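Common to both upcoming complexes is chain A, partnered first by chain B, then by chain C.
Here is the complex of A and B:
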């Protein structure tokens, strides 16, 4: 139910609008801080899962096979990178935005499509085609070929990343890799939430400083 | 160490032609300081992940850093859980919730 006070003078309405804007900024700041803390909590649990899986892999493969000594020190670029853009056309245009490009060393399209196609590929596993008719194979092979072509570079990059631990690795190590990939995605969200939080904090701070100067 | 290994498995490791890496496994405080200064001035780094207990060793450096890019994210480590009270971003904004700031606003 709305209560409209028609007796309020226009000057007070201007101040009310200003207060409404300030309240909106404060609320936005509180929301971003809450989201930041929630994401940190989520990251902690994802990392714990990754550490546990890594410890399991070390237990099954041996400590000498899962070791920092085996890290690749030859020159190579990062397969996963970040794209940083500035929010254009907004008042807070200095706020950076981070986008994760996973396994993008082969091609950007493959890394973006690979994740979508891999879920479709799960519906048509290759094992199902063994012993099936030629016609069935012809129909499905073309769609699987497309999804495999896109998915292969991503899987190749994943395998290449694990190759420093040997050709045959424990399934727990692969699971740990996926956990840390999920942690990366959460970290990018945290980075974006952090920049929003800092931006709204600066706005609230400016308003507070302005209010103190008026007094 | 496990944190570094894990993220390297996720594909973020980079080694340039001079064999300089974009990661460091904790050694001495001096090396941590030098590496932090190097990573925060490199143009090919957008986010710096630092375990919070390592960040506490160079807290004065981390708290004095205020550029938007690269973003400094303090993360938990296996043996040291995350403490929001020590986070540099949260400690920067927490004064808004202190009694002193509320009292000064009311004057």
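Here is the complex of A and C:
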């Protein structure tokens, strides 16, 4: 008859549960570090691409159109914001979590829609100024509705942020914008990955410290 | 054959034509570009340029160099040569030379107005203006709130005044209005320059008509591509195209309704001179379109030097120098960003 001892920890391949848990923590730490380094490398290549595309846009549009003096110094709402929260899984962990809120909140969107309406109102008076008859205006407005492709609010936001360089910008400048947008997303992923890496490193350290105390 | 220009041109224009042909000989060659493309740092570029006509302009610049410094100093050389030619020129060559700079004047006006709209310091904006486009009252542009004031306070006394008739409104200046103003001004300028060259007649009219028509067509294509996906309506887009050129008027009608790059290609491929340009591009691609247009422009500009006794050589020289400065800018950026593998993406060899 076998006697099962419930007091001694169970063994798996010669390792205790504690050791298995420690190994899992170490593996998690190594995985997060690997992911962190991969993201760093990805960020570097994305930024390199973005800077070259910006130089290409400057070459295409001219130095007077792509210039630091055109950056907007008026106060305006941020198109993108960063939300920092505590990790929901563990109350005591204190691990921050970063979330990128891209391209205007809903409140900004409403005000921006209002701005768009007023800018369109400004545009139409110019058309009326240049046009001659009401019939022409009606025909023009129906043709204009058919031609407008800017339905996507994200695309509108992108165009708005590029408008400091002019409304008709080269596709190269738009490509540069997308690259820097991707870089921003990668930066937030890096921040989250670093947060996780630091957290798992602390866990590994705690386990090691606990083992030393036991000895 | 044209009029008897060979008999009379050299009386007033012979010296300056000789000068500009001498300047042309100083343009960088393919061997110069190959050396520059192999540079590791901007100081290497400065060292290679010291052996060219740019040497005196760069020699006193301290390290570390910046790409904008190289471009500024090279531009200064062009400005000096232009001013020398302008002060030696008599009518109608002096007016012709002034016409060449009106495009830069328009760019400077838009830069100042846009920068002011973005609450930038006027002094900062003036430093970034192109020197060929400067005029006395340019700083006063910063006080204008709308186009009517812009015209009344500043531009009425400048050569750009006649181009403002289609732009003047009391609407406040904003990004869309400024863009439309820029392109409307440039359209009016090109048409005026074209008419002036036609009035000059002879070889000048023929050569400049070809060059300006190409410029108008290229502008039409760029406006079309850049306005895809924006709020610019088809009618407004059509109004920005110049009223001359190979694409006028039927090509413009088709370009006005294009919604993507492939539709633009389909329109342009109906015109044999542009078929060769678009045949270099793959479908859906527009990245290399600029280089293809620049290459075609350089070819036409170089051909202008094959004939004598016309003013087109002055226009061609200025444009070739600007292309050279663009090449140097691109090479400098690729070297500075350690992206030498991409240097041949945008360099256009002149010789």
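Keep this in mind: the second predicted complex is superposed on the first by the 145 of 215 C-alpha atoms of A that agree within 3 Å, B and C clash if a C-alpha of one lies under 4 Å from a C-alpha of the other, contacts with A are read in each partner's own complex, and residues count from 1 in each chain.
Keep in mind that, in the parts below, contacts are C-beta pairs under 8 Å (C-beta built on N, C-alpha and C of every residue); 3 or more make two chains touch, one makes a residue touch a chain.
Small disclaimer: the values here were computed from a predicted structure and weren't measured.
**Student:** So, A:184: does it touch chain B (first), chain C (second), both, or neither?
**Tutor:** In the superposed model, A:184 contacts chain B only, not chain C.
**Student:** Using the touch definition from the top, say if A:51 reaches chain B (first), chain C (second), both or neither.
**Tutor:** Both chain B and chain C are touched by A:51.
**Student:** For A:78, decide between first (touching chain B), second (touching chain C), both and neither.
**Tutor:** first
**Student:** A:95 in the overlay: touching chain B, chain C, both, or neither? Say first, second, both or neither.
**Tutor:** It touches chain B, and chain C stays clear.
**Student:** In the superposed arrangement, which partner chain does A:154 touch: chain B (first), chain C (second), both, or neither?
**Tutor:** neither
**Student:** In the superposed model, does chain B or chain C contact more residues of chain A?
**Tutor:** Of chain B and chain C, B contacts more residues of chain A.
**Student:** Of the two partner chains, chain B (first) and chain C (second), which one does A:37 touch, if any: first, second, both, or neither?
**Tutor:** The answer is first: A:37 touches chain B but not chain C.
**Student:** In the overlaid three-chain picture, which partner chain does A:208 touch, first (chain B) or second (chain C), both, or neither?
**Tutor:** In the superposition, A:208 touches chain B alone.
**Student:** Once the two structures are fitted together, what part of chain A is touched by chain B and by chain C alike?
**Tutor:** 51, 55, 71-74
**Student:** Note which residues of chain A are touching chain C in the complex, please.
**Tutor:** 48, 51-52, 55-56, 58-60, 62-65, 67, 69-74, 119-120, 122-123, 125-127, 129-130, 140, 143-144, 147-150, 155, 159, 163-164, 166-172
**Student:** Along chain B, where are the residues that touch chain A in the complex?
**Tutor:** Against chain A, chain B makes touches at 1-17, 19, 21-22, 25, 46-47, 49, 68-69, 71, 73, 75-76, 78, 81-82, 84, 89-90, 92-93, 96, 104-105, 107.
**Student:** Using the touch definition from the top, list the residues of chain A that touch chain B in their complex.
**Tutor:** 29, 33, 36-37, 40, 43-44, 47, 50-51, 54-55, 66, 68, 71-82, 84, 94-96, 98, 102-103, 157-158, 161-162, 173, 176-177, 179-181, 183-184, 187-188, 190-191, 194-195, 197-198, 201, 204-205, 208, 211-212, 215
**Student:** Give the list of chain C residues in touch with chain A in this complex.
**Tutor:** So the residues of chain C in touch with chain A come to 68, 71, 107-108, 110-111, 114-115, 117-120, 124-125, 128-130, 166, 169, 171-172, 174-180, 182-183, 222-223, 225-236, 239, 257, 259, 286-287, 290, 326, 329-330, 333-334, 337, 339, 342, 345-346.
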